[in-house]
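Which chain is which? They are A, B, C and D, in the order written, and residues in each are numbered from 1.
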Amino acid sequence: MTASLRIGLIGTGRIGQVHAANIAASPDAVLSRVADPFLEGAVRVAEAFGGRATADADDVFAADDVDAVLIASPTPTHVDLIEKAVDRGIPVLCEKPIDLDIARVEALRPKVASAGVPVALGFNRRFDPAFAEVRARVSDGEIGALEQLTIISRDPAAPPADYVAVSGGIFRDMTIHDFDMARYFLPDIVEVSAVGTTTFDAGAREHGDFDTAVVTLRAASGAIVTIINSRHSAVGYDQRIEAFGGAGSLQVANRSTSLVSVSSAASVEARSPYEDFFLQRYAEAYAAELQSFISLARGGASASSTFEDGRAALILADAAQRSATEGVAVAVDLG
Amino acid sequence: MTASLRIGLIGTGRIGQVHAANIAASPDAVLSRVADPFLEGAVRVAEAFGGRATADADDVFAADDVDAVLIASPTPTHVDLIEKAVDRGIPVLCEKPIDLDIARVEALRPKVASAGVPVALGFNRRFDPAFAEVRARVSDGEIGALEQLTIISRDPAAPPADYVAVSGGIFRDMTIHDFDMARYFLPDIVEVSAVGTTTFDAGAREHGDFDTAVVTLRAASGAIVTIINSRHSAVGYDQRIEAFGGAGSLQVANRSTSLVSVSSAASVEARSPYEDFFLQRYAEAYAAELQSFISLARGGASASSTFEDGRAALILADAAQRSATEGVAVAVDLG
Amino acid sequence: MTASLRIGLIGTGRIGQVHAANIAASPDAVLSRVADPFLEGAVRVAEAFGGRATADADDVFAADDVDAVLIASPTPTHVDLIEKAVDRGIPVLCEKPIDLDIARVEALRPKVASAGVPVALGFNRRFDPAFAEVRARVSDGEIGALEQLTIISRDPAAPPADYVAVSGGIFRDMTIHDFDMARYFLPDIVEVSAVGTTTFDAGAREHGDFDTAVVTLRAASGAIVTIINSRHSAVGYDQRIEAFGGAGSLQVANRSTSLVSVSSAASVEARSPYEDFFLQRYAEAYAAELQSFISLARGGASASSTFEDGRAALILADAAQRSATEGVAVAVDLG
Amino acid sequence: MTASLRIGLIGTGRIGQVHAANIAASPDAVLSRVADPFLEGAVRVAEAFGGRATADADDVFAADDVDAVLIASPTPTHVDLIEKAVDRGIPVLCEKPIDLDIARVEALRPKVASAGVPVALGFNRRFDPAFAEVRARVSDGEIGALEQLTIISRDPAAPPADYVAVSGGIFRDMTIHDFDMARYFLPDIVEVSAVGTTTFDAGAREHGDFDTAVVTLRAASGAIVTIINSRHSAVGYDQRIEAFGGAGSLQVANRSTSLVSVSSAASVEARSPYEDFFLQRYAEAYAAELQSFISLARGGASASSTFEDGRAALILADAAQRSATEGVAVAVDLG
């Protein structure tokens, strides 16, 4: 029997707490260290899910009871923390994105490539059972060659204006998940076209961001990906995919919060709203993502997305930003 | 090319008008005579759809331009009119039921059986494309042996109290369609159990009728049919069937009035209400029923229900009435 | 903060293991004792989920670290074990049914009624979020007065013949859940009619049981409940409910194992099969049932079904058996 | 009572025959003249639906029993025939597109604008009850301001290569319907971006056309329209729309050929394939389009699309072609 993987967690915000709970619940891992400059948060997570709290992330890297690191701190810290993990030979799972600046990503890239230390990126949706099922069935040829992939991805509500100010824009903070999902099916994207507008969100307008966007990606195979985004959605978190091929199509529906439907004189078969947001909708995905990282950290097989996937998603986001701004299709080379 | 079948219509109420329109629209038939003691109604139908109007049904039987008769007059007139048609050798399609009194049906039965004149009963639902499709797929063995047939059949609103007073009761005027549908799948019914209550309709209460009823039928094969009836339905006409067998099930859904659904914060995927009532829901069925009768009248193949089917449905209705009243399962012999 | 409720578990078969895991996962309870005459089973459960193992149930009652007992042993042991718990003043959650013999239930009834010790029956479906939601919405008047309740309940596959031999028959071992569900909505049932046949299961035929059954229940309000049962279902566990009232209807759909649907030239919008069986379909319900029992054991509010509910379900099962055998509607008095 | 509108039909191909049947079925119109250089076709249509046949379209314009003209001849003839109708003051309904060459359209435009003769374009989908319902409900504010309109439009099978050779390309012969549908909701389109690829159709590859395309349109309001096209679809004609706004969304589903669904061990709730192609899917729309034109020709209210709408759709198609070819977003001015 293998000993539990001892994981050090850096960052105890909303997503850090999800990871902490999943580590505690996993039969294959324990939480050994919890770091957050906001020490009170670290202490609270450690009390609930195990491990020793610290305000200093360096304590995690210096500890002798850390087999792997999970980075859930703010984006600007990611590159440095990944580098420290790689330098120390500690497998790392880092939340997306690697950084908002592709130059910093490119600067770190050679070290990651040569170090041989597992670096996984937190694109949780790859681990959603429904998306994974569709990908597997597409790979099995059930719908013939994949010709069109349509991703509808709408958040329930626009983020606060001060988040918009530093998020890097809709393509880098929100669509980046969809870019990775596109590449989950079609890794070799060669061209990006995007259109963005601002129709309802004052925060987006203030900071020059879009609240509404559509991106099309051309894959080397000729397949076209369409990503439809909105910063709000009255029905709840709207997360749908349609994979279309010559022999048919596979669709992932939204998950209703209930199996109940109601019929009345006004309307029939009306169902309950969809799951609120990502913590609910992707709860299973976060747990599966952790298990995949545990396997990766131990040198086993893994479906985790990689540093290269994180870089590719950012390149696509940059290209989309340029396309939407300049009105040109932007060729990309993800090689 | 065959000449059009010349049809005499007796009765120009709501259902008579449907038949008249279908005769006019059929490439294989013309309306030659239209009879109704309420002459104004006959004249109006004749003007709209063709034929000569009369107040006297006997004129239809005496006419030399009537190849077939369609009886859509009140139930108490059916037995006499069928008998006249059979005596004159004129094929007849008669609306259900043959009569409310099984004794009158039995008295007519030998003549119909020996005459060799086509007599069809107006069980329109056999011609609904969806029900016919399910029956064909069951026959093809798609779900294995048929073990359970569930029929949900609810009218949109309770009929007027004065109709309830003379209708013969819910089993004879409403469930009778479901009895025929049951026999469309499982002709050999051997036992009837029924429970009826009165929960909302003052008219039913006043006249000793039920507004809510459930009937179970046992077929010789061991299959069980469940019929769920209500005299009202807020969502519109509720007409569903589930055929269940060892290898799966086939279901007929209600038909929404629109392909549109709406999603909002309150509920998702809410569709428009169902078709109002039988004239809308079974419009195709009425046209197909007529075509089948035309074929029958010409000596061709036909899926029309017969006098025997009409008799069987009434026997089942009588048995249900007795079962619901006396609290016993009633054995029936439809042979 | 309240100390964890220390629960002694009696019986470590399939359902006992589910309860053990839920106790271990609950923040409000711990497993303190585990009894099974098959000691190896008890040991395995204790190792996995906590507590001390024993082959003798009396050890559980004698222990000083047992605040409540959960009985998941074979049906014939239930009455004696409930009695011991009541005698010792230990709150008890007992799996359904209380017994197959109503005489034994009636004999125990006065003691339970007068003892003031909480006795809950394991009708897990009351805790299914969807069924509970429908009941709450019906209570809120969303569909008007409840007029018809339709319960479709089909197991995935017929049980082994030797189980059928001792189960008490389909009404006592399977429909009993549906009887309780009926009473969850309409406690005051006054009449039972049932029809049962044997169409596919050799075990049922051998032991004089039915594999296919339909039961109708008349409530004091005039509402009619229809229960449609089969011992097998090709699509997986089939568990649907429709509550119908004058203002509309509420429906609980089956839960598909996936959000994915496929469309091809053969068919469109085809979804994955339903959850296999009760352990999957009602996983949330079992956990909620435990929480409700914990609250009950502590003297708090509880939605748990009671000894009286267990008795009522058995009376309805007996009545259904008699009705199906003798062909009569059977009046019942659950008071 | 108004006399029937006497309509001269030019062109008796597939779509001409649909119009002829609808004219014959309309209570408000008769088919008076039928022209086709392939005289046999004209004769056949005239025999089936009325009117006098001719090989020469000029006979239609010269006739004294033609109140309106319906042009269903090949695209290259449209401009000349519309001009003749306008010159003679005869209301005209012309199939889409006006022409493949925008220069010819612009040349004719002033005459149409000044003549005051009703000129309707055959964008049948505006008359589909479902699309019309969605537009009305959007206009009523049911989903708030319209922010995103998603149109999925896939033909069942790629056209013959020789059709592709002269069709003007996917944007001008197929997407043109979707451009008009976009403008049905959002008339004021200001920018077009398109990506097209060739993934399966040899004919498209041979003639430099696309078989797969996605177009995004930016409306003056900031709303974004996404059009997803394919030249083939295994499930049948795929025609869906989603209108998304801040308060919810309205969706138009495909129309299955049947109300039946099947559930088995393999999959559940599988429905029958969708309607084959436009003649089936839009049968009601063609009839409604004709009725609207009849009203227009008589000077009444009309929802028909106009010459201006036909011009706008062609401008959008040209812009899409340029965008897909040159990789730039193309600004358009439809004023």
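A few notes on this one:
Following the convention adopted for this analysis, a contact is a pair of C-beta atoms (placed from the backbone, for glycine too) under 8 Å apart; a residue touches a chain by one contact, two chains touch by 3 or more.
Small disclaimer: the values here were computed from a predicted structure and weren't measured.
Using the average of C-alpha coordinates as each chain's centre, A ends up farthest from chain B.
Set against one another, C-D and A-D show the most C-beta pairs in contact at A-D.
Note: centroid distance chain A to chain D, computed from Cα atoms, is 41 Å.
For the pair chain C and chain D, the distance between C-alpha centroids works out to 58 Å.
Touching two or more other chains at once are residues 143, 234-235, 247-249, 254, 262-265, 269 of chain C. Contact residues of chain A toward chain C in the complex are 129-130, 133-134, 137, 142-143, 247-255, 258-265, 269. Chain contact summary for the complex, chain B toward chain A: residues 234-236, 254, 256, 262-274. On chain D, the positions that touch chain A within their shared complex are 143-145, 147-148, 150, 152, 154, 191, 193, 195, 197-200, 212-214, 216, 218, 221-224, 226, 228, 230, 232, 234-235, 244, 246-249, 327-329.
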